[in-house]
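Down below are the structures I want you to see.
Across the two complexes that follow, chain A remains constant while its partner is chain B and subsequently chain C.
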Partner chain A sequence: MPETPEKTSRQDWVGGRRARYDALGRVRGVVGHVGDQPVGTCAHVAVHRSTQPHAAIRAVHTEEALAIDGVYAVVTGADLHKRFGEALLTGPAFADQPALAYDKVRFVGEPVAAVLAADLATAREAADAVYVEYDELDPVYDLDTALNGESYVHDELRPSAVFGDLRHLDGVRDTNINYEYRLRHGNPNKVSGARTVRGEFWAPPTHHVPIELPCTVAWVEGGRLEMLTTTQTPSYVRQTIADLLDLPLSRVRVTTRPLGGSFGAKMYDRLEPLAAALAWQFQRKVRLAASREEAFLLTTRHGAAITSTLTADAGGQLSAATADVAYDTGAYADVGPRITAKSGMVAPGPYRIGSVDVRSRCVYTNKPSAGPFRGFGVPQVTWSHESLIDELAHELGEDPYAFRREHLLREGDLAPMGTRMHSADFVGCLDAVAESISWDTQPDRGTGRIRRGRGVAVGVKAVLTPTIANAVLQLNQDASATLMISTVDMGQGSDTIMAQIVADVLRVDSRRVHVVRADTDVTPYDTITAGSRSTYHTGNAVRAVAESMRVRLLALAAEQPEQPEQHGQPERSGVDTGELDEERIAEIVHAHFGARGATLTTEANFTSSWSPYDKETGRSEKVTEHWFAGAVGVRLAVDTATGRVHLEHLAVAGDVGRAINPALVEQQLTGAAIMGIGHALFDQLVLDQGQLVNGTLLDYQLPSIRDLPDELTPIIVESPHDDGPFGAKGVGETGILAVAPAIGNAIRDAIGLRFTRLPMTPEAIVTALESR
Partner chain B sequence: MMSTVDNPMVYGGGTAIQILIKQGILFADNFVDLAGIPGLTEITADAAGLRAGPMVTARGMETDDRVRRVAPLASTAYRHVANPRVRNTASIGGNLAHGDYRLDPPPALLALDATVEATSVRGTRSLPVRQFFVDFQQTALAPDELVTAVRIPAQPTGSAYRFVKYSSLSANDWPCASVAVLIAGREVHIGLGALAPVPRYASFDATGMTDQAAVDAALEVIAPLLDPIPDVRGSVRYKRRLAQVIVEDAVRGAWKDLDNA
Partner chain C sequence: MNEITLIVNGTPHRTRVSDSALLLDVLREQAGCTSVREGCGVGACGACTVLVGETSVSSCLALATRYDGANITTAEGLDENDDVVSAFADCGAAQCGYCIPGFVLMTRELLAEHPRPTSEQITEHLEGNICRCGTYPEIRTAVSTAAERRSPR
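Right, the complex of A and B next:
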């Protein structure tokens, strides 16, 4: 659906509210996703999954499956291990996950064998016909068993060769802890406090549930492995597959289509290693498509247990914070160790605190693997610190809003982990949500069945650092442009804002800027599309590539004789005024090449850097390139008869530095808040003895339109970042951080009960009310 | 036709069947689509009440003026089914034949004393809805029988009613408890959904009662009927508690309408 051409206006440039270029197409279903693409003749793949949470594989019987008409081949983990050796084990932090299990299985639902067949139904039928003999091992169902028991999910730790800081863990045995981060500053044990609050918090595993299901097609062409896949991380997948198949990067091609949502679900190693291994093994095209039920088993959000304290001294200053955090990463580490450190370091919260002591551990269990999820582990620790500070305020008889406000980090402050705050306007965000929900007006709390309350909470998260972004810009002679970046548009609108940045610099209509979707043969390396990093990192590369083009154009113009008769502006000179427009660009390029349709190309890189954590203290003077600051304010009503929470107003604010596109920023804040409402009130993966109980959309609970607050107010706070493109930072995760504690704090205000376990279901609320 | 194909299953709106097929727990070799058969989508009304064909959609029951006028409780219950997209497809015959304990219409049809017309090669028989739900996902229909109509008696003038549905997690989820209450004359009729392996029915004579007495009596008559299935939506204890809350809400609400009438 082509957009209606309009005259170029500020709405198409930086700060403009241009609609997503693909909005209509996505709503109408005419944007082609990976699963929609015709693939021609191929082998459809189904996998046989483990029925055991933890067991050694004694034998895999494939004869019956092979005998079914239409089955091309049945492959076991042992077959692949024989062919690919230890390269079969992949993962972003630890090389611990095989494409198919070969020695033992580590969760119910783990792939053990793969069937290639003429169609998916046959492949599934044959997968069911595979029979596996197991020798059961003691299962590790939960954190407690993992930390205190004697059964180990992995015999030894296998850190990925890529990361030097994990090297000391290589070969460590007899533990389920694959990573421990420690933050120590001052001495919280020696602090004698006027008041200490303490809590044992729990945030359960959840699933991302993007509407588009994961799908991967892989084939071999000209001795190269080519792949079309639903991934947020094409550059990572290319490297992983090159390593797996022992190929140079030039012989691996990874392409994507627009993703239908992801939230971290389609990152790193999902279907891709198995698809690549099978395509390479059989030298034929294979198609793996996850069903909704299978998608629940691919990756999850970490369940986390946090035991924490917060202490105020006699003068009311925050003197100490401690937190013991355990992330349940399931059967495979995935990116859990990174989550453990990045979230552990903000576990005390964005406050001025004298002394801190944090231990954050990443723990294996026999559950589906947990990986990245919008917020990267931070919502779990925010649940802890925002509940604690709220409770401390109540204990001290202080207003929870004013108490936070007094202690929040300001511009230039050193956070507990040693990094300075810049462009992180916590106070501005908190003030904005407090004003929006009329904090100063006491709610009508009620005395009968319905009770009302209000709550606020603040969140802080670091952007993924260090990372690399590249951009290539091809300017066409007609003043349209083709931008090559490997950022994946999954609905967040990155293609739209990158076009706005190019257009702003070159002073052209942003709708004339086409963003090429990620294709590792064409688009340059980009670390990942995740961690809310694209607006800042790729945005900086895109701004630089456009600036470079502008300089190039002006230089070309300077070489060219003026053509005042065409403009009627005899004084005009591109070099002197620095002014470009579409007409002028077309003239400059045409004059340079003497041809219509010619192209000019520029390229640019943006790389961020960090200082690694100090080994002793866990501190770093630059742990991140920049910060995300957000706040949430809630007014709600609790039905004390049923326990049901009704959200009357939710305001969510995020400091985005500068909004490249305010409409898209508001939508990100809104979407994140809605997702957070689910996590606060009912969204969770329920497991019983390692078996997923609610892994279907009949039973898994997502917020529906009727769960939305009566009023939902997204608020943009702009405190420009010195190094951001036009001052901008990302916003994909900011809005989710503080939602659950804001709701928990409002429930505390309404009924006087503090909840420490998520989700706060009606049953949990009723049970607590009854036992009061 | 049903008697000539192997292992057949009637296909109405398909909203339940499609889910069961996807779950891999429906084993039928042939589906007999009712969509093309004339006469199954008709609603007729007379002094006694309504007769609705099995292929009338939930949306049809919700919006049809005659249903709204003659049996507003039924219309209200059908309005609570899923969402408009599903309601526009789901058939009322299939909804009954599914026999699921959590569906919205059965409590209302129980309270209203509806009857199901079941037809096979042997002829047509009439089954009271109050005897229709036999066991967990099992109805009184014989395997070769088809629901050919639902008859709903007209709600008496001066009656009052309420349909209350409560989801414990996402607001759009299956109900954790649902209730239909019809107060007609002196009699209070209560249909319960999601609170036992089958939809359940109870009634009592409320002659001379105050609203509080009626609530107490309602809670007493439903108590032996409650046999909730614990699941992610709630424990037995919580579902029992909810049953009391929604029955009280529904009886009190209907009683208030009676007083105001």
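Right, the complex of A and C next:
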């Protein structure tokens, strides 16, 4: 619909609520995803999966599978290991995961053999016909057995080349603990507290369940391995494939399409190493498409057990916090060690606390591997610290909102892990949600079947640091622009806000700025699209590349002789370099090249830095480039007969520094809150003796439109970051951090019971009420 | 193999399919309708929804041979100015958008039955569709907006 030019441009720039890139295409379903791309003749791949949680592979029988019509080949882990050697083992933190298991299997559902066939149905039939003989080993089903038993998931630890600070773990044997982070400040044991609260908390494994299923197509062309895949991490995947196949980076190409959601599911090594190995081995095009049941086995969110305390001294100050955190990372470490450290360091919460002692461990078990999931382990520790401080407030007879407010970290404060707070307005977020849910108005708690309560919680998370972002900008002569970055749009809206940043700097229409989809042949290196890092890191690179273009244009304009006859506006001739607009840009580029359709190119880099943790104390003066601050407030009703929780109002606030596009920020906040509601009330993976019990969408419950609170209020808090692009920071994870404890705290307010295990299902609530 | 004709968004497609071929796969692979998507394969997420006549069908559970001669509507068959499509776009009711075609078709079915749906009717009709990005608030607004556009008070 036509808008006035002034309004159009403002809405399209930084701070504007312009519509998402290709909104109509999304609604009509004409956005082409990876699985929609025609691939022509190819080998369809199905995998045979382990039926054992922990066993040595004695023999793999493939004869029957090979005899089926339409089967091209059957490959075992041993075949691939013979061909690729130890390079078959990949992983972001530990090189511990084979594309196909070859010596032993470590979880039920692990790929053991792959079938290549003319069509998927034949491939699946043949995969079922593969038969494996096992020698069973003692299984490690849970954290307790892993930490105290004598069976080990891996014979020795194998740190990857990605994180240099893990090197000292190389070759360590007889342990299921692949990483331990320790934070020590002061001496919590010597603190004489007036009051200590203690809890044993549990957050179960969950699954991301992006509705788009993972899919990878790989082929060989001109001696290069090319790949089209559903990934958030194209630059990482290129490196992994180059290492696996021993190729220079120039001979590996990884391309993506927009993702149909991901939330951490489609990153690092999923289908890609197997696809690359098979394509290379057979020099033919292969297509791997995971079913929903298979997608459940590719990665999960870490289940976490946390035993923690919080102590207040006689004056009411927070004097000590301790936490013993164990993340169940399943059979393969994936990025678990990073999660363990990054969330361990915020386990005491965003408070001024005298002394802290945190031990955070990443533990192997014989279960599907756990990896990154929106929040990166932090929601699990937030469940602990926000329940504890709530309980402490109750014990001290203090108001839980006011008590938090008094002790929250402020601008300039040193957090317990040693890094200073900047652009992390916890108080502003907490005040905003408290006001939104009318905290000061006591709920009508009721005396009958329905009881009401209210609760708040606060969350803190560090952005992924250090990371690297690059941007290349091609300005077309008609003042449209083509931006090359490797950020993957998976629904968060990066294609939209990056265009807004370019347009704001160059004063052009952001809808004429096209963002090129990640293609490692074309778009420059970018660490990953994850950890809420893109707005800040890639946004900074994009702002810089646009600024660089602006400088270039102004220099070109200054070089050009006055040519007033070209546009009939002498006052805007070549030497007037003060203002740019689309008409002026078109003239400058045209005059420079003497051609229509010419292009100008600039490039920029943005790299963040950190100080590694001190090995003794776990502290760092700069552990992160910046912080995310979020808060949630809830009003709810508990049906004491059924145990059902009804959310009447949920307010979610996040400090985003500056909202590049407020509409998209609000969607990130509410979308994360809705995902968090599932984690609080029903969402969990159930495993029995290592076997996933509810790994289909018939059994795995996800939030639906019925689970929406009666009222859901997103609140943008803006305390600009000194170094953010226009002051901005990311927001993808902020909204999920504090949802579960806010709901738990409101349930406590309503019925007087403190829940420490997630999810807080109707069964759990009824059981607790009955046993009171 | 069976020879069947599917009328997809007004265009007849004559095609040969096996007894076990799913409507989902035939629409995607033979009629080119990639707005119809497999999210779960068990009829639990709604991403594969199509309209047969005016009735919603989970195409991941439907055998193609049973739809010989059927009039099938998919989201890409809807015009950009369609009341429901334009309402979803204008209300920002798509993030990644993968599940949204299913919601759009369910909304058309709902509005055919209830031109002015109540909040509870919207919930009941759409609760079988999953949007993992959590676009539910915008979807609610879009459904009401579409109803208003379709039959203004």
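The working rule: the second predicted complex is superposed on the first by the 747 of 772 C-alpha atoms of A that agree within 3 Å, B and C clash if a C-alpha of one lies under 4 Å from a C-alpha of the other, contacts with A are read in each partner's own complex, and residues count from 1 in each chain.
The rule we apply is simple: a residue touches a chain if its C-beta (ideal position, glycine included) is under 8 Å from a C-beta of that chain, and two chains touch if they have at least 3 such contacts.
In this text, all values refer to a predicted model and were calculated from it rather than measured experimentally.
Legend: residue contacts after superposition of the two complexes on their common chain; A:N694 is shown touching chain B, with no touch to chain C.
Legend: residue contacts after superposition of the two complexes on their common chain; A:L702 is shown touching both chain B and chain C.
When both complexes are overlaid on chain A, the residue A:L66 reaches neither chain B nor chain C. More chain A residues lie in contact with C than with the other chain of the pair chain B and chain C.
In the superposition on chain A, A:F682 contacts chain B only, with no contact to chain C.
Of the two partner chains placed around the shared chain by superposition, chain C is the only one that A:V209 touches, whereas chain B remains out of contact.
In the superposed model, A:R20 lies in contact with chain C only, and not with chain B. Looking at the shared chain after the overlay, A:E763 reaches chain B, while chain C stays out of its contact range.
Shared contact residues on chain A (touching chain B in one structure, chain C in the other): 696, 698, 702-706. Residues of chain B that touch chain A in their complex: 19, 23, 166, 168-174, 231-232, 234-235, 238, 241-242, 245.
Within the complex formed with chain A, the chain C residues making contact are 28, 34-42, 44-45, 47, 74-76, 78, 80, 85, 88-90, 92-101, 104, 122-123, 126-140. For chain A in complex with chain C, the touching residues are 19-20, 23-33, 36, 208-213, 258-261, 263, 291-293, 490-493, 663, 667, 670-675, 696-698, 702-706, 708, 712. Those residues of chain A lying in contact with chain B across their complex are 641-644, 678, 681-682, 686, 693-694, 696, 698-699, 701-707, 761-763, 766-767.
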